[in-house]
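You will see subunit A twice below: alongside subunit B first, and alongside subunit C after that.
Take a look at the complex of A and B:
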């Protein structure tokens, strides 16, 4: 062990130092959010601002919940809406995207190239440009104030399909042929071979789909006029914009910021480990 | 059970100008170990994949056990296939890999266990059953792949270059094991390889292919002794058969092989061949295997005995034999000699052929003159 330590070269020392510094720098926002949420009011307005909290307090959260209980719709309703919508969207996006990607990656059929090009093309649209057509479609099929109205717009995820097509086409065709000879049906091949091997890619798309849907306010703003159908992200957002300039608003904002951030972090850590694990252990080839 | 018939089978890939498999016509008997051999791209895999049902047949009919199977899906053909890259399911353990085919066929659980364990014992992989494929060496992976095929107990085994990812020693060992397995199980096996040594040692019958066309079908010894054409003659055997171009003439009732440097009196055993080649000018390619080339120190009466002077270019010692590369005029000839006699470069030994072991091919068509056209 000691002998191994001695063999560390100056280059390695520099490398580790640089990367540690870089990692510390990149994690600053997270540190800030974590500390900020627990700062008492006087520390929130400190100038120059500090990263670390001196006298941590939970009063910001108290304020947030106090504020929430005064609202017309209970806080729990927003939480439920968010969790429900995110869960359902995530599951549907995974199901739809993996199935579409499997077929696009591994089967030959007419207009396949055209479909692939269309998917690539749709990657280039900024979200703003599709806002109005999306609104027209949602109102046209009367999905206002329904959960389907939350889920449907994010269901077709070109970026997810695009990534999965790339990943699944790396899976050797021989595996599927072996499974066909073994007697697996198309569904069998998909669920037993393709899905398990695509876990790293599925984890990746889950992370950004979650982040997109969890933080989305547009759907609640545009398609949900009924306050009981709106999500946590919308609530927090409106809270912040309503209270931006008041002193009390800063407390609530800091707490809400953390509250919105925590699930992202959890999901990321959860799936990121899965990404690494499968990449290390499965070794497709 | 397990007989296969190809009736004029064609495969034409979309967008390709010529067929990948061209008029493949062959019957394979039950229990036979048939090897498809040929250079890369000659259509071996395509043929095997059509047999497996992984590739559509463009023309002709395929029968397994006299049942027309052109449109039967792979899982209903009662076949198992071993792939070059093993194609083990990376997410499943060795046990599950072997068991999957049985599970999908609704085999009772106790029987799956029985069969997997039996197969694992035969292949000596019992201690690996809990591992994932990524934790296995190449040789172990190939055993698992074999195990997966055997456990299903299909009528026909298909193997596509299963040994080409293994190192030389392991390849020889696994080759012997496959031969033994096949003779124990007595199941029809179609084995694809580009390696003629593998083909010669494994097959009870060998199909040599080139550009999608069958060149010759014969047992190994016959393939070696009576190649049907120049391609087969050159492909089978290492180092390859020597070829010398020339013409055959008839003088005073005897046939002679001539070119600028040689004039060989041919034994009358060959007369029939040349009589049949009823032409004024008989341009031929003479073929002779390295072991039938004789080298000796020059003597004055060499001419009469059919020896000519050669020049040594290079010597290759493999241990048991040594191969001497010589030139005679423009022809390059390899001779197998016993390593006891050392030849140095620029030596000028006399060279002659074992006259009873010559092959003659039509220079234009490349077809063996001995090939009466009644080859099976």
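Take a look at the complex of A and C:
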């Protein structure tokens, strides 16, 4: 084991140095937004422009929060809506998608091919183009201005099912066969074998489901006419669109962007670690 | 589910065979009932929020509809107009999208695989940090990052790129990156490549971890001499599902991309249509001119294009043969 490690080392040393430079370059936008968010307004107009902040200030965030308290809906309401919607959506998407993917990956039944090809086909349709029919449906079944109106549309997540089907089909069928012989029910097989073994894929879909729902503006714009039902993403976006072309607003916009980015980062760190852990310890192969 | 049962019914021959098939069919349905039960929550949402809206949109493609007036059925007129009269579509949107998709799609895909593979070669303790560095830009999201691109590509001396190039002495005057037609598409491509390490990239990383290590040993015995051969003969065949997923995600995000030009320039229609992609064309007709029928027709064309791109990806990584 140790000999093997030593043999790889020279290649890895070169790789790590080149890669560090590359990774640093790739993460420039993040470093920039982090610095920009804490810049006082006078630093934005410096020439030559500076990349790093010199006198960090929290006034941009203060302005964000204060601006919201002046509005009809308090800032905390947007935050609550976002957190509530994201938490419920995440849990339901995981359960619903894994159930569907398990059946699609491991069983033969009528319409299976039809459903699978419908799912792959639907991966390609831009939601913008179906925005208007979707609005008609949502208001037709009276889901507008409700939390269900936020959650139910994202439950239809063909991407999540598609990915889980790919992953679950790699779980050896003998494992389920063995469990069935030992007397496990369908639900038992699902909760005891499929769910634990699919954790890496579930972690991955959680990351992008969170990302999608957290940053989703379309639902709040189209389906929620009541300001109190709209989410943080909508609020931040409405700030951004007004500030886009002026240098003066850039720091507040950056602060808003950072505010949207931090939870993404946290959830990613939480789940990515899980992906690696389960990959190392689980006995899939 | 019941609506889907009827087409299978009408096809059968004599009455007795219909009954026989029907009974067998029901027995099978009942045997697999737990399958349908597991599928139900997903399928219901899927039908209500994706299938029905898509069917509605496809129907709209054959009509002239402005959103609140009455629907008028006009057959293939929308499609005929699109390919014979819409000069902006034919000379701007189509070539731009072609160039953009060709570089950002396959290019971004290869880069994502290359970096995922390289990250996988790193010691396990530090992998996380590199994954994060590459994934962070796409995670931040296009809305959050638009402020970065606007500042970086700003057209005056204060813009970060202009300032850098001026200091290096490579240009004499600041360049208006985002307003000049000859640069806008290039900037869009660079920015899109920058944030292309998204879900597909993560899937590849997860896939790389599922490759059986013993296969590498076996490959070495069978005469695989370098890492390139290892990648082609062992790694990629072993992670076909993830490669396929990633390919599909790349195709979708590439063909859907369009908001990037709006975020960069702050205009719904870019100067001289320099950054006009097919999806911008759809937005233009759907939300500015309110010709929903025509916009739906364009999106049907886009759907067909992505369908054939998808067929190609399945040819490459189809999971049917071997894993």
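Everything that follows uses one rule, which is that the second predicted complex is superposed on the first by the 255 of 285 C-alpha atoms of A that agree within 3 Å, B and C clash if a C-alpha of one lies under 4 Å from a C-alpha of the other, contacts with A are read in each partner's own complex, and residues count from 1 in each chain.
We take it that a residue touches a chain if its C-beta (ideal position, glycine included) is under 8 Å from a C-beta of that chain, and two chains touch if they have at least 3 such contacts.
Fair warning: this is a prediction, and the values are worked out from it, not measured in the lab.
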- request: Using the touch definition from the top, say if A:261 reaches subunit B (first), subunit C (second), both or neither.
  value: second
Task: Based on the superposed arrangement, let me know which partner A:222 touches: subunit B (first), subunit C (second), both, or neither?
output: neither
- request: Could you let me know whether more residues of subunit A are touched by subunit B or by subunit C?
  value: C
Message: After the superposition on A, what does A:83 contact: first (subunit B), second (subunit C), both or neither?
response: neither
Task: Figure out whether A:193 sits in contact with subunit B (first) or subunit C (second), or with both, or with neither.
output: first
Task: State whether A:116 touches subunit B only (first), subunit C only (second), both chains, or neither.
output: neither
Task: In the overlay, answer first, second, both or neither for which of subunit B and subunit C A:182 touches.
output: first
Message: Using the superposition on chain A as set up above, list the residues of subunit A that contact both subunit B and subunit C.
response: 284-285
In the complex, subunit C residues that touch subunit A: 4, 8, 25, 28-29, 32, 34-36, 38-39, 41-43, 45-46, 48-54, 56-57, 60, 67, 118-119, 121-124, 126-137, 139-141, 143-152, 154, 157-160, 163, 167, 194, 197-199, 202-203, 206, 209-210, 212, 241-242, 244-245, 248-249, 251-252, 255-256, 263, 266, 279, 282-283, 286, 292, 295-296, 299, 302-303, 306-307, 310, 319, 323
Message: Under the stated contact criterion, what part of subunit A meets subunit C in this complex?
response: 11-12, 15-16, 19, 23-24, 26-27, 29-30, 32-33, 36, 45, 47-49, 51, 96-97, 99-100, 102-104, 107, 109-111, 114-115, 118-126, 128-130, 132-134, 136-137, 141, 152-153, 155-156, 158-159, 161-163, 166-167, 169-170, 186, 190, 200-201, 204, 207-208, 211, 215, 217, 233, 236-237, 240, 244-245, 247, 250, 253-254, 256-258, 260-261, 264-265, 268-269, 272-273, 275-276, 279-280, 284-285
- prompt: Mind pulling up the subunit B residues that touch subunit A in the complex?
  reply: 52-54, 73-75, 79-81, 83, 85, 87, 89-91, 100-101, 104-105, 132-134, 148, 152
Field: Complex contact set, residues of subunit A against subunit B
entry: 172, 174-175, 177-184, 188, 192-193, 196-197, 281-285
